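Just below sit the structures, each encoded as C-alpha cells.
Here come two complexes built around chain A, the first alongside chain B, the second alongside chain C.
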Partner chain A sequence: MTEIKASMAGSVWKITVAGGDKVESDQDVVILESMKMEIPIAAETDGTVKELKVAEGDFVNEGDVIAIIE
Partner chain B sequence: MINKILIANRGEIAARVIRTCKELNIDTVAVYSEADQKAPFVSMADESFLLGPPRVQDSYLNVEKIISIAKEAKVDAIHPGYGFLSENGVFAEKCEQAGIRFIGPSAEVIEEMGSKIAAREAMENAGVPVVPGTDGAVASSDEAIEIARDIGYPIMLKASAGGGGIGMQVVNTEQELTKAFESNSKRARTFFGDGAMFMEKKLDHARHIEIQLLADSHGNAIHLFERECSIQRRNQKVVEEAPSSFISNEIRQKMGETAVKAAKALEYVNAGTIEFLVDKEENFYFLEMNTRIQVEHPVTEEITGLDIVEAQIRIAEGRELSISQSDVKMDGHAIEVRIYAEDPVTFFPSPGHISAFELPEGEHIRNEYAVTDDYDVTPYYDPMIGKLIAKGTDRSEAITFLKEALSTYKIEGIKTNIAMLKAVVEHDQFKSGNTTTAFIETYYLPMTKPN
Partner chain C sequence: MNYIEDLQKRVGTIKKGGHSKYHQKNEEKGKLFVRKRLELLFDEDMDIEDAFFANCMDEGLPSDGVVTGIGKVNGQDVCIMANDSTVKAGSWGKRTVEKIIRIQETAAKLEIPMLYLVDSAGARITDQVEMFPGRRGAGRIFHNQIKLSGRVPQVCLLFGPSAAGGAYIPAFCDIVVMVDGNASMYLGSPRMAEKVIGERVSLEEMGGANMHCSVSGVGDVLVKSEEEAISYTRSYLGYFPANFRNKPEASELKHVKEFEKSISDLIPENQNAPFNMYDFIKRIIDEDSFCEVKKTFAPELITGLARINGKSVGIIANQPRMKGGVLFPDSADKGAKFIQLCDSFNIPLLFLMDVPGFMIGTKVEQAGIIRHGAKMLAMMSEATVPKISVVVRKAYGAGLYAMAGPAFEPDASLALPTAQIAVMGPEAAVNAVYANKIAELPEEERSAFIKEKQEEYKDNIDIYRLASEMVVDAIVDPQDLREDLIKRYKIYEAKNITFTERKHGVYPV
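Entry: the complex of A and B
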C-alpha cells in the first residue's frame, strides 16, 4: 500500500482516476493547481486506487495524502 | 488625449503602470479581487473597484465586469499589463466597441500572433527566419517519426494549445518519440481540451534573446535593442539582462532590423517583443511575438533611459513616436531577477503569509513589487511577487550591485527563490556569460543535490 502525497500547496484541479481503477506507475492521478502552475501528481507504483482522499476543488497542503494505492 | 486609465491587472505591473500615469498627470483606476484588497497597487490608484472573488475567471478575466467599471469610472483607456487579458483579441475589440482605447495592438494582430502556427507563417512571409519544424499539427506518432527523420534529433514536441511548459518535451531518439507523442498529446487534451501537437528542431546551447519594439499608428517602428532571458526554470524566465553579452554588434543590428521589418509587415502598433532563439553560431530564429509589455521591460528602460509604459500611452493616443532609431542609445548594463514565492529547488509554489519584507536600496537598484510586510500570498495567481533590477556601467559592475542587493533582500514567512538567485549570479559560468537555456539544469540543479 502506498500513499500519494501532494508535492505543493494548492487546490485539486482535476482527478483523473476513480476509486477501484487500475493505475500504472507514472500515470497521473490528480492534477494540483497553485499560482498558475498545474502539477500532475502521478502514482509511483502499479496498483489499484483504494481510496481518494480529496475531491476536485479541495485545498491541500504540501505533504497531505491525496490517494492510497494498493 | 488620454486623461484617465483603468489598469486591468494586478501586482507589480499594475503598480508600475500607475507610477508612470502619475508622472504624466493621468488619473488611474485599479480593479482588484477579494484576495488583493491589501495589495499596494490598490491604494496607489486614484480610484479602485472590487471585481469579485479571487478566482481569475471571476476577477481579472471577467471582461464584462471590467468594461462596465471602465464605463462607470469614465476612463479613456485600459492598460492590460501582461498575462490575463493582455493578449486576448476579444477583450481588445470589446474595449474599442465600448469607446475605450485598448493600450496595445489591434485585435487582429493579437489573434494572429497568439496562434503558434499563424504567427510562424506570418513571420516566414515577412522574411524572418523560423526554427525548422512543422507548419501545422502532426496527425500521429508515425507521422512524427517521419518528420523527425527529416529535421533530425533532438526535437521539441509542443502542444499547439499549450503553455507553461505543459505538453512540451525534448525527444532525443526515435525510440522515445512514440511514447512521448502519445503521453503529451493526451496530457494536452486533459489540460487544454486540444491534443494537437507540432514539432520543432531543438537547438542545443540555445539562448533566448528578444527584441523590444515600439511602433506607432503612422507606420513608424523602432527597436530598443535586445534582452537576453536565457536563464529559465519550468520554461519561465528568472534572470534577464540587457544587453546580451553573447551576440556581436553585427548580429545585434541584424536582429533589430529584422524585428522592425516584421513589425512593419504586420502593421503592428504599440510596444511589442519578438522572441528569438539564438544558436552557438549566432543564427537566430523566431520563437514568438508578445503583443504587450513584458515582465522584463525594466532592463531595457535602464539601458536606454526610456519609459516604455509612457511610450505605450502616447502611441495609444495616436501620437507619432517622439524618437527615431538613431536617437536610441545604449548606456551601461542592467540585470533583472524575478522574486518568486516558491521552493528554490523544486520550484513548486509556496503561498502563505509574509511576516517581514525589506527591500534593498541604492542608486543602482530598482525594485518593482507586489506585496507588503504583512501580506497573504494567495494560491490564485502567478508566484512572482517582485523584481529586482541592478544597473552598472558594465556587466560585472551590475553583477556586483545585484549580489549586494540580493544579500539584503529580506522576505520572511514563505519560501522564495532568493537562495537560487544568489547561487546563479555568483556562479562562475554566469559571470563568464555562459547563460544558455540549459543553465539551471546544467549548473544550478546539480549544486542543490547532496554529493
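Entry: the complex of A and C
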C-alpha cells in the first residue's frame, strides 16, 4: 500500500482516476492547481486506487495524502 | 631472509588490508576492497602511493586504514584518500588523519582534483588525544577542504558510513555520490539517538543514501552500486579542468541526437500546462552528454553538466513537470550551489526559464524562502563565467531574477517566441488589479470582463514589445537555438571579468 501525497500546496483541479481503477507508475492520478499552474501528481507504483482522500476543489497542503494505491 | 624478501613480504601483507572476515563481510554487502575501488577509478594503476607503511609496527593496522596517493582519471592526475573498512572499520587514528592531511596538502600544491573515497566508522576513540583536537587533528582535514574548495574539484564517493565529525568530509565536497543501501551520513548513530534524545529510528531513515539524496540534499547523486559511483565520478570529472586557473577541455563528440518532435512541438500552447524540460534539454545538447547533479532532490529545478558542441556547460532549468517549475527553498539552494560549482571552474552557464515564480504561502515563508531564494540570486549574480539565459515560456516575478534575468548581467537574454515575461501571469494579474471591479459586476458579465482584461494584459507583456524595449537581446527560432548558443559561447569565451572588489560578500545563508 502506498500513499500518494501532494507535492505542494494548492487546490484539487481534476481527479483523473476513480476508486478501483488500475494505475501504472508515473500515471497522473490528480491534477492540482497551484501558482496558476497545473501540477500533475502521479502514482509512484503500479496498483489499484483503493481510496481517494480528496474531492475536486479541495485545498491540500504539501504532504497531504491524496490517494491510496494498493 | 634477505632484505628484499623481507620488504616484499611486508608489502604483500599490508596490501591485503584487514582480516579476511572483514573482507567477507564487505563482500556480502556488495562492497569492494579499497584497492579494487582504486583499480576501477584510475585509468591504469595508481602512480604514487605514500605512507603505505603508516603504522606498520602494528600488524593489525595496515596503512593505518587509509590509502592515499595519486593516479590518473581521464588522463588527469588526481589525489585520492580511500578508507579501508577492513581495518578497524575504516576508523581514523593519528596516522590516518596525518595521511589525509598530507594528500590534501599535495592536492593544494599541485592544484589537482582531490577525491575522497569514504567508508569509515569515524574517530578511533583510543587515539583521540592524538587525532582529534590538535593542529594536525581531524579538524585540519575540514580546514583544508574549505581552503581547497573552488581551487580544485573535490568529490566524495560514499561507499559506507561517514559518521559524526567524519560526515563533514562529504559536506565540504563539491558533490557527494552515495551508494544506495550502503552509504550513510549522520552526526549521531540511531543507537546514540535513542540513548540521548529518546528517538527510535532506522539508519536508512535517518541517514541513508536515499534520504540524503532526496530529502536533506546533503547527497547529490544516488547510485545503485560502487561501480556506478566510480563510473559517474569519472564522467563527471571530464567536464572539469584540473583547477580554477584552467578551462575545461572540449570533447570530440559534437552531435545532437535527431528527434521526430521539434522543440516547438514540445511546448504546449497553454502556458499553464506542464511539459517535460528534459526533452527540451536533449534537443540542444550533444547526444548523451547530460551529467545530472541532484536529480532526486528538488526536481522542480534541473541542474546538470552537459556539452554543447563538445564544450562543458552547466544547465539550470525549471521543470514545469514537477511542482509546476515553481521555485522552493530547496530548489533555490540547489541552484545556488550548482551555479557556484560551475563558476568556480570556468564552466559557462545556461539558464532555461519556464518559471511561475517563487512559491508563496505560510509553509515556505516559515521555511525562510526569502533568504533561500536570496542565496540563489546572489550566486547567480556573482557568477562571472559566460552566462546566457533563455526564456522558454513564462518568466514571472522573482523567478525571472533568480534565473539570470536581464538585470543580472547575463551575456545574453534570449527569448523564444513562446516567452512571456511579467511580474505575474495574466490570471493572477487581472485578479490583483480588478478584484473590486469584478466583485461589483453582475455575475453574467464577469467572465467576459476577465477575458477582455487578460487579453489586454497579454498584449501589454507581448514578447515583441519587450524586444522592442530591448529587455531581451534576441527572439530566437527554437530550431536555431543550439546554433545560436554555440556561436555565442564561442564569442563569450573571451570574457574575463572580476565581479567586484572586496574581501567577500556577506552572503544570505
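One rule holds for everything that comes next: the second predicted complex is superposed on the first by the 70 of 70 C-alpha atoms of A that agree within 3 Å, B and C clash if a C-alpha of one lies under 4 Å from a C-alpha of the other, contacts with A are read in each partner's own complex, and residues count from 1 in each chain.
The rule is simple: a contact is a pair of C-beta atoms (placed from the backbone, for glycine too) under 8 Å apart; a residue touches a chain by one contact, two chains touch by 3 or more.
Predicted, not measured: the structure shown is a model, and the values here were computed from it.
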item: Contacts of A:Ile39 with chain B and chain C, given as first, second, both or neither; value: both
item: Broader residue contact with chain A after superposition on the shared chain, chain B or chain C; value: B
item: First, second, both or neither for A:Ile68, with chain B first and chain C second; value: neither
item: Which of chain B and chain C A:Lys14 touches, first, second, both or neither; value: first
item: Chain C-contacting residues of chain A that also contact chain B; value: 7-9, 34-40, 62
item: Interface residues, chain A side, partner chain B - complex; value: 7-11, 14, 16, 28, 31, 33-40, 59, 62
item: Complex interface listing, chain B residues touching chain A; value: 164, 166, 187, 190-191, 234, 341-343, 346, 348-352, 379-383
item: Parts of chain C lying in touch with chain A, wherever the complex brings them together; value: 272-274, 320-326, 328, 356-357, 359-361, 363, 425, 427-428
item: Chain A residues touching chain C - in the complex, by the definition given at the top; value: 7-9, 34-40, 61-62
